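One chain, subunit A, links the two complexes that follow: it is found with subunit B in the first and with subunit C in the second.
Take a look at the complex of A and B:
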């Protein structure tokens, strides 16, 4: 009897001291608020909602109606344009910023802090700022263009092409500092001896950049690329607050399309099907990233 | 040779200044317009420096409803604090426990758990918002503070836990083991030894979580319905949605929304940047 109690106490002690216990809050929150919603979203995408009845299984019906909708394909094209534009612009922008801040200049911390600001301000506030700066009649940008170059007022947000360009530039303005911070960290971890060795071998600065600097921050650049791709595909707030998908659906990226389907047209099932497409695009990029990350780490050996 | 070096330095400074102006000018312009008089905002040509700076725009944004039932920035700020502070606490508690466990555990579950955390960070809120909305409607959590606090954990917990795990990895095991040998329980060692050593990491997570909750828009816009429960980003967005043209008030509200970020940024840049890089994954 005593032995049994002792055994029981030891088990309790083991459980209390077990490391798994510490995981419970995190696991519970993740299961309830991430895993369950994702599966529920998948489930809903195969159902149709009937008032008073609930969600009835209808197979692939939502996917068929999604793939036969012109607006969906239009939105995919817009998403691709927006993503390619944002990723290329913000990546180069971030790289240039990192290289500049990496130089030994005075007030480097101040420059770094200022350059980082766009990334940290709330996206809705940033969008409002841009809306006012780019106001067609009263905005500062059009005023400067007018007085300096005599350009007639540019319809930054009300013309289809300009709205897309504005969206891309605003998004890059916001996410480029992330690339700067990440690449800067990698740049500073490149051993100085490598540059000295290259100099001894008679390398020009272009050679040094190509054979020492770039390989040295390859890992960081991959991470930055993945993040910027995912942000450009999945980010919603900045562009929504800037254009609301307009004018004439010219900036209707997939997340805005999903939002419109669900919270303006209340077609949750179709929106869920579109969400699945978004989730799959995102998983594809992540898989590619993980594959290349593995290859590049094998290649360099760290 | 000296000439080339000088040209190089000048180029670097010029480029740095140009990029810095591009980064900060929109924010400065917002600030400048926020402290102008309503008449001066619409004068042509526009001036960067206000002639008689005043806080009239802030007063209007805070205490005057632009339209009956529209809500003010004051109520929005209180709502935001009511959500962001508890959300930060919940995320802190669960991420320090979970991060500690992930850092100290061994075996096959570990890799699997870390991978799921990484993947969870990448899932965009726009995908989660539909199921959460339907589910929370059934649970009657829509339009409540608790609902929003819970919903925010969906993006706070994965990042914070991953960050805390990395931070605990950098704290040596020796002290903890010594405490265990001296008869301290594991939880005691965690609370008394490891957690205090991790306080810079905790500070970063706290700042990050608070600012993310303060600026979050998608989940709040779906889960908050009545104008009186609006958080700050929702209130900002409502100015646009309802075609307000009081740009002075809007700019004052926008500066107010940026203020916590700017304040943290100036006071504690070090923690701030580590926290940001850690929480970089989610957009």
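Take a look at the complex of A and C:
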């Protein structure tokens, strides 16, 4: 009897000791909040909804109609433009800000806090503020441009090219502080000795930036690039509140296109197919990044 | 030792986490579904047997002629209190949702097979909701209503395939909103009644580009509300339509429809009597410019007067949407109805509530709009104020959107085409041809 109890206790001890037990809470949450919606979305992307019947399996029909839709390809092009534009601008902007606040200036903490503000402002509030500032007839920006420089009203949100530029600038403004914080962290971890050694070797400021600062921030920069590309590809709120995908679909990024398919056209199955395509693109991008990161870590390790 | 302590700590934290989840889950289980604005519960009746849920839109309440008007929490409370007095066996739980979130919340809930038993639905969404199976047919119940008392156009906006899916409560229409002071300064004591001649003449006289003032507001933003703008009203007054009478083909490429859209676009692009930037403007943007006295005329509903009240020196006037010599005016019918969820567990109770809220006495105080029942007009001098009178007059010229399974898919095509015409990407005739061919493709499916 005692042996049986002891054996039982040992089994419980083994379970308690195993890694699996510790993972249960996280796994359960992940299954519930990530795996279930993703698999459900995958499932309905292969179906068509019929009134009174429900979802019927139709194979790849939704994918065929998606790939034959001009608007889908247009939207994909717009998304790529928006993401590349936003990431380039916000990356450079974040780097410049990080270099600035890394300098020993007075009230450095205050500057850092102020520069972080765009990051913490809710996207809808930011978008509405931009809408007001950039209003073609009543906006402050056009008023200033007109009174100071005599510039005629700029169609910030009603012209296709300007609307894209406005979207990119607004998004970069919003996400740049993330890059700033990450790169600043990396900058501060670069040992001072490296700069001193470089100085002894006669390095100029540009040399120091190029051969010490940039390699020192490489890891952080890669992470920033990955995150910002993912955010820009999947971002919805800011641009939707700013332009709703207009004018004339000039800012119709994929997430807004998916929203329109489901909530305007009620075509949830086609929207699910489009979401799957977006998921594939993002997965591919993340896999590439992880592979590259692994290689670069190995390189550093050597 | 330290390892085992660490493990104990870890187990403790897992325990705490699990307890937290359990408490959170239980709290969620017992709490009500997500609510945006919760209205305090009505007096608890002694016998509570069945609970029905009622989702409605929240907006500003307003006192008109001594009455509280609008879907304010106080008003909802008053209605529900009365209802529970009459039907103590039914409990009503009301959720009031801001307009901007209403659509997404409805669609998400109904697609998930949940949602309220009874809900408030605007005409614009009726075709999509009915053909998506969200609304229960009221054929088994409707004989209890005096349908002859309802405005026929309002009933048709909520009927499909010969069946009724909602009880109309109120009718909204666009009106011509104009600035009396600007018109007076330009030498006019009335609004234009006909297009193209009068509208163009008035608009030209009101435009003073050097001070950023324009005659008429043109909307070009590709949203659903573009369907309610002047262009479609003018298509109707010119004898045009969206679909043929049998609903089998699109007729927006008719000369009458093209002429109307051409004039709409010309006001902006040719005559330059409308503020540039139309592709970014919706009705709300124009309302802001109207209040800032930068446009002389535009199309908006009677409910805009709530915003006008914030600028007391604004001399606004309301009139019928300009028409033609053949048809004095036309407008797309807006408004609201009360509908039943097709998945409701309590259809009998839901119906009792629907019937109760559609009684004329409530309808008369329901909102800033026009009641959908003739008999409501006899209550409490509802038509005493001019804005109500003119909206009632305008509602006689109102036409609902086509009731068709594909209406939901047609709307984005129409607004896209019209927006492209306003933006000059296609000529009005090209845009109408494109819309027609796209819609005809949809109708063939």
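Some notes on this structure:
To be clear about the criterion, the second predicted complex is superposed on the first by the 275 of 302 C-alpha atoms of A that agree within 3 Å, B and C clash if a C-alpha of one lies under 4 Å from a C-alpha of the other, contacts with A are read in each partner's own complex, and residues count from 1 in each chain.
In the analysis below, a residue touches a chain if its C-beta (ideal position, glycine included) is under 8 Å from a C-beta of that chain, and two chains touch if they have at least 3 such contacts.
Nothing here was measured: the structure is a model prediction, and the numbers come from that model.
Overlap between subunit B and subunit C is detected when the two structures are superposed via subunit A. Of the two partner chains, subunit C is the only one that A:265 touches; subunit B does not reach it. In the overlay built on the shared chain, the residue A:190 is in contact with neither subunit B nor subunit C. When the two complexes are overlaid on their common chain A, residue A:136 makes contact with subunit C while staying clear of subunit B.
Once chain A of one complex is fitted onto chain A of the other, the partner contacts of A:145 are absent, as it touches neither subunit B nor subunit C. In the superposed model, A:248 lies in contact with subunit C only, and not with subunit B.
After overlaying the two complexes on the shared chain, residue contacts for A:22 are found with subunit B and with subunit C alike. Look at A:157: by the touch rule set out above, it reaches subunit C but stays clear of subunit B. Looking at the shared chain after the overlay, A:225 reaches neither subunit B nor subunit C.
Set against each other, subunit B and subunit C differ in how many residues of subunit A they touch, and the higher count belongs to B. Once the complexes are superposed on chain A, the part of subunit C occupying the same space as subunit B corresponds, among 39-47, 57-65, 129-137 or 183-191, to 57-65. Common to the subunit B and subunit C interfaces on subunit A are residues 16, 22, 25, 135, 138, 244, 262-263, 268. Chain contact summary for the complex, subunit B toward subunit A: residues 9, 12-13, 15-16, 19-20, 22-24, 26-27, 29-30, 33, 42, 44-46, 90, 93-95, 97-98, 100-102, 104-105, 113, 116-117, 119-120, 122-135, 150-151, 153-154, 157-158, 161, 185-187, 190, 211, 214-215, 217-218, 221-222, 232-233, 236-237, 239-240, 247, 250-251, 253-255, 257-258, 261-262, 265, 269, 272-273, 276-277, 280-281, 283. Residues of subunit C that touch subunit A in their complex: 7, 10-11, 14, 17-18, 21, 103-104, 107, 111, 128, 131-133, 212, 220-224, 275-281, 285, 288-289, 292, 294, 408-409, 411-412, 416, 419-420, 423, 425.
The touching residues of subunit A, when paired with subunit C in their complex, are 16, 22, 25, 51-52, 135-138, 153, 155, 157-159, 163, 243-244, 246-249, 260, 262-268.
The residues of subunit A lying in touch with subunit B in their complex are 16-17, 19-27, 29-30, 32-38, 40-41, 44, 96-97, 100-101, 103, 105, 109, 111, 113-126, 128-133, 135, 138, 140, 143, 147, 173, 175, 177-178, 181-182, 185, 227, 230-231, 234-237, 240-241, 244, 255, 258-259, 262-263, 268, 271-272, 275, 278-279, 282, 286.
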